[in-house]
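Two complexes, one shared chain (chain A), two partners (chain B, chain C).
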Partner chain A sequence: MTNSAGSKLGRRISGIVLAIFTLIWMFPLVWMFFMSFKTNSEIYAAPLSLPQHLNLDNFARALETLNIGRMYVNTLIVAVLSVGLGFLVTFLSSYALCRMVFRNKKLQRGLLRFFQLGLMISPFILLFPIYRITVQGNLYNSIWSLVLPYIATQVSFNTLLMYNFFKGLPAEIEEAALIDGCNLPQLLGRLILPMTKPVVVTVIVFNVLYVWNEYPIASVLLRDESMYTLSMGASMFKGAYSVDNAGIIAASVLIIVPELIFYGFLQRYIVDGMVAGAVKG
Partner chain B sequence: MHWLSKKRNLFVMIVPSFVIYTVYIIASVCIAVYYSFTKYTGIGKAAWNGIENYVRVFHDKFFWISLKNTGIVLILSLLTLTIFGFLLANVLRVKRRGNDLCKALIFSPSIISPIIVGIIWIYILDPEVGILNQILYKLGKEGWMQMWIGGTVLSPYMYAVIFLWRQLGYLSTIFLAGLNMIPEEIYEAAEIDGANAFQKMVYVTVPMARNTFNIVILLIITGVFKIFEFVTQLTAGGPNHLSETVVTYSYTTTFSNGEYGYGMALATVVFIITLILSEIYNLIMRDKEEEQ
Partner chain C sequence: MNKKAMKRISGLILATLLLGTLTACGGNAGGKGEGAAEDGSAESGGDTVKLTFGIHIADLEKQEPQTYEVLKAFEEANPDIELEILSTSDADEQGTQMKLAAESGTLPDIFWCQYGIAKEMYDAGYIMELSDFLEYDTRVNDAIGEQLRTVGEDGSENETGEFYGLPYQKLVTGFWYNKTVFEENNIEPPHNGTTFEEFLEIVKALNEKGIVTISNGAKTTYSDWAFQAMFVRYGFLEHINAIRNGEESFVNEDFLNYFEMIDELREAGAFPSNITTQDYFQAKEAFLSGNAAMLDSGQWDSAEINERLGDQVGFWWGPTFENGVGDQNVGMQAFTNNLRVSAEVEEDQAKKDAVYRFLSFWLGEEADKIRVQYGVNPLTTVPEAGEDNKAYAAMLSAMNEEGWSGIPLQPDQIVTDVIKNTLNDAIYGVMSGIYSPQEACESLQSAQENQ
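And now, the complex of A and B:
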């Protein structure tokens, strides 16, 4: 790629510009982080200065006023259930649509199209209907009220990624396994699943992040504070603390930092998922 | 494969996804459209009221304001994100130490919770507690201090700034994926013909990356029509619905005012607008491709 980049001097200049630009882009996050150690009066008097000392009071208050620990547990339960089950059902359906033999070919193609329609549907038109379905189905105020729609919203994306991946797998391996007398659960669990690992990780990591950040659906389904997920809880910070800005900032940092660490370790899969969803979606 | 593809196996594998997806996504769209033709306050039964709600959308001043605000964000985002995203991708494309780190950092705003994005920007833009006005004050530029958010004018422009901050890393990564597919030989040929770096970008990279531009523009269109969380945090659409986006306005109408029928009409209209915009864009692009 060296040729397309111009002269050595040009490259050096563009490198410096990039570094400065990155610093500017990071300013809001870094600055939030520093602010979370400051007292309210420090924030008010000298918003741009570094904190005087490493003051952890804000975090203590954040953990006390809003039960952030509880919010983490709730988010984790919802994420594990909805991403786990969502993966299981879409793994099976994508495999069936891609590799199994349908008597009716048209039905097979039609189902694939049908499953991908969801990529065009904006979540906001679904909010009130999902609320109605939840109430009618007697699920209101249960964990399933969130888990089921979260599974449904993963279907199209998972189908897209997994179907394309299955299509690229060589058929010979499956045929050999079948000749050796492999049954369906063995074929899927011992052979296909391990071969699908890269796309499995992408799908799971991407969906965990989605559930972690999801707010619109949670906001219409959660009333009981003890069931709040992180995003839902965060939307209430302003009301809960009223004038305690340091508390709000500390609580926000308690949500962002683990998320950034998660991103740091699994960056490749997150980026892959977001790019793949866009390019085909 | 045949003997595993018994009807029972196929059924067990497809039905769970099918049911959950049909109920929550496909049926939901139908339910939304159904309610959009009714008057429903949450008590009793929904009363059929024909196209009344759609007529009302057409005459609703606040809907047009929210559409105008969304339009402002859309136009600004199309300009800034395509240009900066493309330029950034060109800079990131050069092999250089530290590039991957810069890319990862610039990408990071798009993975954090959009509610928290809203909270962060309150502390920058809010006229009272935000640092922007405080900095201007300390610099003695009182005249530049503004109601960045919560006033009557600037809010949608600030939404565009936040959207830019959040999406730039993501979209430049999409650009980068597209640019990396351009064969190196073309650049070599251009170089032999004496093209400089700028000419190579304009005459090779831009035309070769046309598909990527299309994807990015479609992502911006659909993305802008999903702007929601940080608006609820920054202004809640206020004062008096003047800084709503179409999505927040339909949400407030539905859930805060309890006008479920009318809210669904708004949601349906917004959904159709998004589909039309991306479809029109698709058609224009296809025509152009055929011309060439």
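And now, the complex of A and C:
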């Protein structure tokens, strides 16, 4: 067998393997989509079968039960504010940690470790202190009760990616810009920010998905139904001794479709961003 | 349009958007629903008293319509009291929320909370003692006062006469059975008084025909209600206080006999082969679709069962045991005293009056009538079945069976959360063959010693 024939066969095999993995990954989503058209009885009796009819009752019930428009708006507001502010904070702090000359190097390293420490702590362990601070700050049951903890949970991940990315940028470009009369805000806004596009997109995608799906903090800090975010939707179909699985699945489809579209549009940047942010440094 | 102008316009749009979102947030910032106090409790003053009601059901109107209707009827009957419902999605989340709220001074005025957590909160002074309420409402006192004053929520003797929970619901549980399945297979269904040996023969006969006798699902470990009643027939209530005091052990002859009984049922093929991989809701569907002869459940399912099986359903308390302990003619009719009142209510007389009026209504005749309409047992009045609900009528027939009385306490409701979880795991462990009877008893004793 020649080399080119061998590599062609290799490519075919890896293509088949990748196709199989893609199908495995897609199966739960496709299955969920089909199940959203089935009745509760059909789901229990034959969970893997195709729906017998294109039954839209589950979606009608989901829309009737959930104030889905309000939930989308709430989730969007929380996502825009928390991801926007979280990005602003960590963009500036990571740049400062990377480029500022510290007299005490230990302090610099210590600050960096502090910013990244959150990666080792589950935010749910901090639920009680978060709750107390929120109540004392008179923020309970408001959008800000979610925005502030979500910013805090984003800081470590954002710092990890952005600090390492800044490390890999040649300092000469920034020095040249400064010699040409560029001030610090211009340097950050016109030079650094455009260069960090892959990391910015990665950070935004991951954080928006986190905010979109986050349940434990939202379930504790929100009590008023008009403030609910999308992740709270599925819990509305469960009683003490009853559960409407078909309703949950239909609501889940309504909740994740925008997420999939969002991810689909931006996914090509994610690998670039992860590699750029995680390897250098 | 040049680039600079474009940038200015997009900057203006972004600023407007940000302002808009901030305004949207500002409307609710720091507050609860309209009219509620900032600290999460109720406001009183002026002509209207506002009360908060914390409940473990996310969508009350759909998931527990009888409670929703009772609350609605209360508001209609008391226009000077405004009720705000604060929902969580399940019992665990409610427990977590109430603990957090108690320690932050934001407990709802009235709320649902299970015994284990409620006891901790009462001991810490967060929950109000309620014996005073029985003087306020003598009708309730006559109906359930003695039970509340004399028996603690853990089943022990109530030496002080104090209590801090009022009935949320009356838990009537046992086996629903599908008459059609029995008729089609020429097998006589069980009746109240059927012994374990007779029941074992029924199980074997059904098993020979390839029919699952008892539909159960281990993935929802709490769904073992009929087996909780059987545990009482094996002396659970007689032993538990001595076990708590360290005078006895969970590894005793009566409890071993209990778990051996479950093991015998397993060997006879009483449970589904997929018991470990299905949950209660799947088990219920198997029963409703005619794939199992019996369902271990309670009165909350009567409406759904009536809709699917109508008059083809019967209700049975479960078998009696020759080697059992105490009266065998008993069926589970336990109050779950999970309705609590925040201790802060005591400090505000107007609010306390409103809370007492609410509790009076909750335990009153009108609320009971609403419950019965939905096939749910009344709390303080004698139940009568509606003509349409044949399943509930079957349950009432069992409740009114001569010579049978009610078990007032369900074992897993009167123990700590650790023992409760271990008990449920032990029962399902033996049902699925993971535990031997000896191991089931030992796991309970180990949990008792290590909690």
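Everything that follows uses one rule, which is that the second predicted complex is superposed on the first by the 209 of 281 C-alpha atoms of A that agree within 3 Å, B and C clash if a C-alpha of one lies under 4 Å from a C-alpha of the other, contacts with A are read in each partner's own complex, and residues count from 1 in each chain.
One rule holds for everything that comes next: contacts are C-beta pairs under 8 Å (C-beta built on N, C-alpha and C of every residue); 3 or more make two chains touch, one makes a residue touch a chain.
Keep in mind that what you see is a predicted model, and the values were worked out from it rather than measured.
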Partner with the higher number of touched chain A residues, chain C or chain B: B
First, second, both or neither for A:F124, with chain B first and chain C second: first
Partner chain in contact with A:T39 - chain B first, chain C second, else both or neither: neither
Which of chain B and chain C A:M227 touches, first, second, both or neither: second
Partner chain in contact with A:N55 - chain B first, chain C second, else both or neither: neither
Partner chain in contact with A:G15 - chain B first, chain C second, else both or neither: first
Chain B versus chain C as contact partner of A:N67, first or second or both or neither: neither
Which of chain B and chain C A:N138 touches, first, second, both or neither: second
First (chain B), second (chain C), both or neither touched by A:K238: both
Which superposed partner A:N164 touches (first chain B, second chain C, both, neither): neither
Chain C-contacting residues of chain A that also contact chain B: 127-128, 132, 219-220, 235, 237-238, 245
Chain C to chain A touching residues, read off their complex: 17, 21, 24-25, 28-33, 38-40, 56-59, 62-64, 86-91, 93, 96-97, 100, 103-106, 280-282, 285-286, 288-289, 297-298, 300-301, 304
Residue numbers on chain A that touch chain C, as the complex places them: 40-41, 44-45, 65, 73, 77, 80-81, 127-128, 131-132, 135-136, 138-144, 147, 219-220, 223-227, 235-243, 245
Chain A partner contacts - residues on chain B that touch it in the complex: 1-5, 9-10, 12-14, 16-18, 20-21, 23-29, 31-32, 35, 88, 91-96, 98-99, 102, 104-116, 119-124, 129, 131, 134-135, 165, 168-170, 173-174, 177, 184, 187-188, 191, 196-197, 200, 205, 215, 219, 222, 225-226, 228-229, 232-233, 247, 250-251, 254-255, 260, 263-264, 267-268, 270-271, 274-275
Of chain A, residues touching chain B in the complex: 1-7, 10-11, 14-15, 17-19, 21-22, 25-26, 28-29, 31-32, 35, 47-48, 89-90, 92-93, 95-97, 99-102, 111, 114-115, 117-118, 120-130, 132-133, 148-149, 151-153, 155-156, 159, 174-175, 178, 183-184, 187, 209, 212-213, 215-216, 219-220, 230-231, 234-235, 237-238, 245, 248-249, 252, 255-256, 259-260, 263-264, 267, 270-271, 274-275, 278-279
